[in-house]
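The letters A, B, C and D name the chains in turn, as written, and every chain counts its residues from 1.
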Amino acid sequence: MADTPAVANLAIAPPATVVAETVGTTRDYWRAIWGNTGGKVAIAFLSLLILLALLASVIAAHSPSELLGPELTSRPPSWAYPFGTDVLSRDVLTRMLYGTRISLRIALLAATLSGVVGLLWGATAGYLGGAIDALLMRSVDMFLAIPRVLLVLTVVSLWPDLSPDGLVLVLGLTGWFGVSRLARAQALGIRHREFVSAAHALGVSRYRVLVRHVVPHALGPVLVATTIGVGHVLVLEAGLSFLGLGVRPPTPTWGSIIADGSESYQVTWWLTVFPGMALIGTSLAVNAIAHRLRVVIHPRQLPGR
Amino acid sequence: MTVPPSARGATPLLSVRNLATHFPVRTGLFGRPKAVVRAVDGVSLDVYPGETLGIVGESGCGKTTLGRSILRLIEPTAGTIEFDGVDFRALRGAALRGMRRHLQIIFQDPFSSLNPRLTVGTTIKEGLLVHRIAEGAAADARVAKLLDEVGMQPAYASRYPHEFSGGQRQRIGIARALAVEPKLIVCDEPVSALDVSVQAQVINLLKDLQKSRGLAYLFIAHDLSVVEHMADRVAVMYLGRVMELASAGDLYREPLMPYTQALPSAVPTPDPERKRMRIVLSGDPPSPANPPSGCVFHPRCHHPARDASCSVIAPPLEEKAAQHWCACFKQPPTVVPWDAQKGAGGTHPPERHLPVQALHQRG
Amino acid sequence: MMAFLLRRILLGVATVFAVTTVTFVLVRAAPGEPYAFLLNDARLTPEQVAAFRARYGLDQPLPVQYARYIGRVMRGDLGQSFVERRPVVTVLRERLPRTLLLMGTAIVTGFALGVGVGAWQASRAGSRRERAVGSLTVALNAIPDFWIAIALLLLFGLKLHWLPITGMVDPTMHDFLSPAGKAWDVLRHLILPAASLVLIVAAVVARFQRNAVLEVLPEDFVRTARAKGVPRQGVVFRHALRNALLPTITLFGLILPALVGGAVFVERIYAWPGIGTLAVSSISNRDYEVVLGVTLIASTVVVIAGIMADLAYAAADPRTRHG
Amino acid sequence: MTAPTAPSPLLRVEHLRTYFHTRSGIARAVDDVSFDVYPGETIGVVGESGSGKSVTALSLLRLIDPPGRIEAGSRIIFEGRDLLTAPEEDVRRIRGNRISMVFQEPMTALNPVFTVGDQVAEVARVHDRASRKAAWERAVEMLSLVGIPSPRERALQYPHEMSGGMRQRVLIAMALVMRPALLIADEPTTALDVTIQAQILELLADLQQKFGTAIVLITHDLGVVAEVASRALVMYGGQVVERAPVRELFANPKHPYTQGLLRAMPRVGQGLDRLVTIPGTVPAPTAWPTGCRFRDRCPLAFDRCATEAPMLPDGAHGARCHLAEAGTPVAFADRA
């Protein structure tokens, strides 16, 4: 939110040679994440999650919609059913494994879609300026005024039979407004930097300046915003499913498993706790990575961390 | 220093006439401009091939805007720019981009003038590729040669800007400008961000390159001693206007404009023995959004003949001596008749005022 | 200042107008005819269907429908709720104050708490306790809003029985209480849903405020304050925080849309009879007029809050105050 | 400007070392700096960026933030007590009171959200526990003293409503509220235009006459030192490389670096075609050369310079150079 690029203040700090200035190459980002315990844990957690999701059909003992029988309804966690069973006697661990697949897929694809659309929209607006900028950004202002949850709810209610890919489209196309503002701010910030003037003075075309100088500069902050966006979509999709408006049952997602237990929180606590933990853990891991990525962009903001 | 013969009678490389660049200050309803900042307000000057025209002035005088307006990095509001016989302001699109290789620019800030994400080699090569001067291995060879020419190791081409000091970055910026083989380079305060010892290196480099390549410079700076050292002729700017224009020698020996007279006297010199007679100008330069009427310098002026007419009549830039132009009708000779001055409330007739002769005497 | 305000209000009106258009387009772009589920009722005669379509103008060409729709909205007519069989405006008027009570409480408490915690964190940056609080705010940011609400409900409602967990008032006792008793009753019902939102707001604000203050601390004017002998508390809480509060004002405008989303879940979980519950139930019931009305009213609230934030910023920053 | 006649110095700095402990190594920004300041004198500290002059200034008031640290063994004795061993609270009472500072950037050194009167008055409120009204009156008085026209109205303005020169006057007013014994001015005119710089330098000299304040003037501009200081320290690589009375320094520079600096400056009326340059750049403070820190750039360097670090001798005029005792030959010849 409101990420104003910080200018490194070296007034009291030792000369510039000591404060390492990062270029923002892929290697810098990777080093920022991997060179830190929190980052390593986050990467490991997400890798494990993705692996489990990919291998869901191999690992899982049951099928996600298999009913185990009336005597196995709402069973608390046990050795046979480590995460318990739900009110319809389905194995929660199995459903969670399959749910991971769908939840992560939606989150990653939708956030990427938002990132790309937002980057192009904002960088174009900021670099071209003038009437085009005004037009593009006023429309963003308008969309930002509609609370995203309501916008998504409205769309989902109007298209009741939305496939998971349709959901990706809805979530992705309602998530780029903030990203575009960020990209525009970046583009505006470098539009008057002297190396851009130098490129113009050399006779480089506007399109080439946009592609070679402006977009790469907006890429870092957009990458961070997109990473944070993964967490947002994950939680939003879970929320939709929790309200029964996301992915159609019986396809499991983390949110729909929580929803399955929403009539009896007190009794079937495992239906709330395990998917909740998965959500929180993933969200934390994604945020931790975003946080590490930010260090590359604003090296100064995090003293001693 | 004398004016090079080429500057007299020869055809100018760059000819700027009545150039104005105004910026709207948007505050009104619907973003309509309420006020206008007259950053550059009617500037005319010539730059001859191979010479250095210095532009001096304090911050806010419009010297940087002037440089960028001439290159059309900022689009001027009015006036003409003729470069090498071509009406530069009329060019559009590909024709404009093609012409740009002949006019280059070097910036003040060695940190913001290089894209931190591109290697030194890529930065220098950009112009070569755009203008199809060289490609592939030939381009790399050109980059190596350019780096060598500005006093850096060719191997530095694969490094990033942050690995270099301010002075080295400035050299890289110079190499980028040289790559497209320009005829004129606008040097926008190229040494003011550098330390004294490094500043001298860059000044010498610029002088060497001028000699070896026959470059013309428009050299913008606030530091009088640097400009005097670099320039053949100097234009003094105040509030978007040229107040005085003369050869560097004439200007420092016999400054006519009261503002120009005060400038060198304000510069501290590393000579504790020198007896100083200092003209301390009172007050701040006014805002270019709201310039004083008549002569824009009149509120701070110390000329003994300053009177009410100075706030009414805008002084024309007139030739007071051979090749010495000055905008002050209290400094004779003048084309503004005394009657006209009296009509505008004038009480003191023009008189020659040269207080600075005393300044240059050693005690 | 006046020009700025006027421009901002015009922009706000344009935004609300545009939102109205978007909702119209969404409804028409949706598969099938609007209200198809109503009209497909086998018991209806073709005449009845035609009458219905004529009544709602569905037989008119789209531009006419659009013009009528806009005209209707501008007159303050948001249509009828099929479920409640009342004008949508009446329903919204009844529910909006309840949601505003919930969100208002959450915003005021959340910002106060967040600013305080964030400033404290900045003044103690790097200490063990500060890092613990920092981890807490990070964790809170990662927890889905509906999950926080469920967790509080489980803990303080179902486990400890400290507070009521459904509705806004006690359904049996409320009418017999004294005015003070009534207020207390509402307050007791307000605590848990509001607290769920407060935690979310406070965590976001605290993280933001901490970084904002830390960003100001290396500024030259902070060094000036130290050099003139201002005590440390004065440096952080007077010089740095006063500056770092400015970006927090803009956060107010930014956080509101997210908070509306949070309110939808929280109201639903605690059965708080506000706009959020209405949104969810009308979506399930396909009560489109209500859905559109909710979107419109929520956007209007967001727009108004944005204007207020901008005004507050302009008033708080001396650099924008004159001009 | 008075010569250092008083027998006991106001400020005595001994073996000051300020290091920055960074990930890429220890940056020895200030490394064994010693000097005295006598009451009422103006001492100029000259150096280029990276010489350690600004870090020295901040160290004097203990305004160094981590990862910077003033190392053990350093002593800063002011009016008889060591500021480095005094409790933080005592040092705070000295800041802005007995010793005050003026910074380089008048644009950013004032808090944008408080009026200038408020910020000047704060000094009196902090150190004298003056009432709001009394502090305000003193602020107005100070603003008038530093030559701000119609100070009562100007006191109600915010920094952004003032020009750079006016803001620098406000900072000076703020520094002088308590009539300090010592004023540290860190590049007070660098960000200003020459005509405004002349006004500010004149103002500082006037106020010094009036209050008898000693001034440590930090600058990169040898010209400024020549005009206002009576003694000068030249810094390079975190060390004082030359100390001399100003006339001596310019007439007879002993250190090759000082000689180079003086010749590298273009001067009006000099008429040289090429400037004399000092080759190379300042090395990183994490990696000073062994021995003499200037030796890589010094045309006179010989074997001993690499192995043995030269010392700064006592006395009025001395240079940290092996050749200095015998009188350094001219290191950088004019190539006109």
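Note that a contact is a pair of C-beta atoms (placed from the backbone, for glycine too) under 8 Å apart; a residue touches a chain by one contact, two chains touch by 3 or more.
Small disclaimer: the values here were computed from a predicted structure and weren't measured.
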Steps in the shortest chain-to-chain touch route ending at subunit B and beginning at subunit A: 1
Dominant interface by contact count, named by its two chains: A-C
Centre-of-Cα separation between subunit D and subunit A, whole angstrom: 51
Distance between the centres, which are taken as Cα means, of subunit C and subunit A, whole angstrom: 22
Centre distance in Å when subunit C and subunit D are each reduced to the mean of their C-alpha atoms: 54
Residues of subunit D engaged with two or more neighbouring chains: 49, 63, 65
Two or more partner chains touched - positions in subunit B: 165
Multi-partner residues of subunit A (each touching 2 or more other chains): 12, 17, 304
Residues of subunit D defined as touching subunit C within the complex: 61, 63, 65, 92-97, 100-101, 103, 105, 108-115, 122-123, 126-127, 158, 160-161, 171, 174-175
Complex contact set, residues of subunit B against subunit D: 1, 58-59, 165, 167-168, 195-201, 203-204, 207, 222, 224-226, 228-229, 252, 262-273, 276, 278, 280-282, 284-285, 360
Subunit B - residues contacting subunit A, complex: 68, 71, 73, 96-101, 103-105, 107-109, 112-118, 123, 126-127, 130-131, 160, 162, 165, 173, 176-177, 180
Residues of subunit C defined as touching subunit A within the complex: 11, 14-16, 18-19, 22-23, 26-27, 29-31, 125-126, 138-139, 141-147, 150-151, 153-154, 158-159, 204, 208, 211, 214-215, 218-220, 223, 247, 250-251, 254-258, 260-261, 264-265, 268, 279-280, 283-284, 286, 288, 291-292, 294-295, 298-299, 302-303, 306
Residues on subunit A engaged by subunit B in the complex (per definition of touch): 16-17, 21, 23-25, 193-195, 197-205, 208, 212-213, 216-217
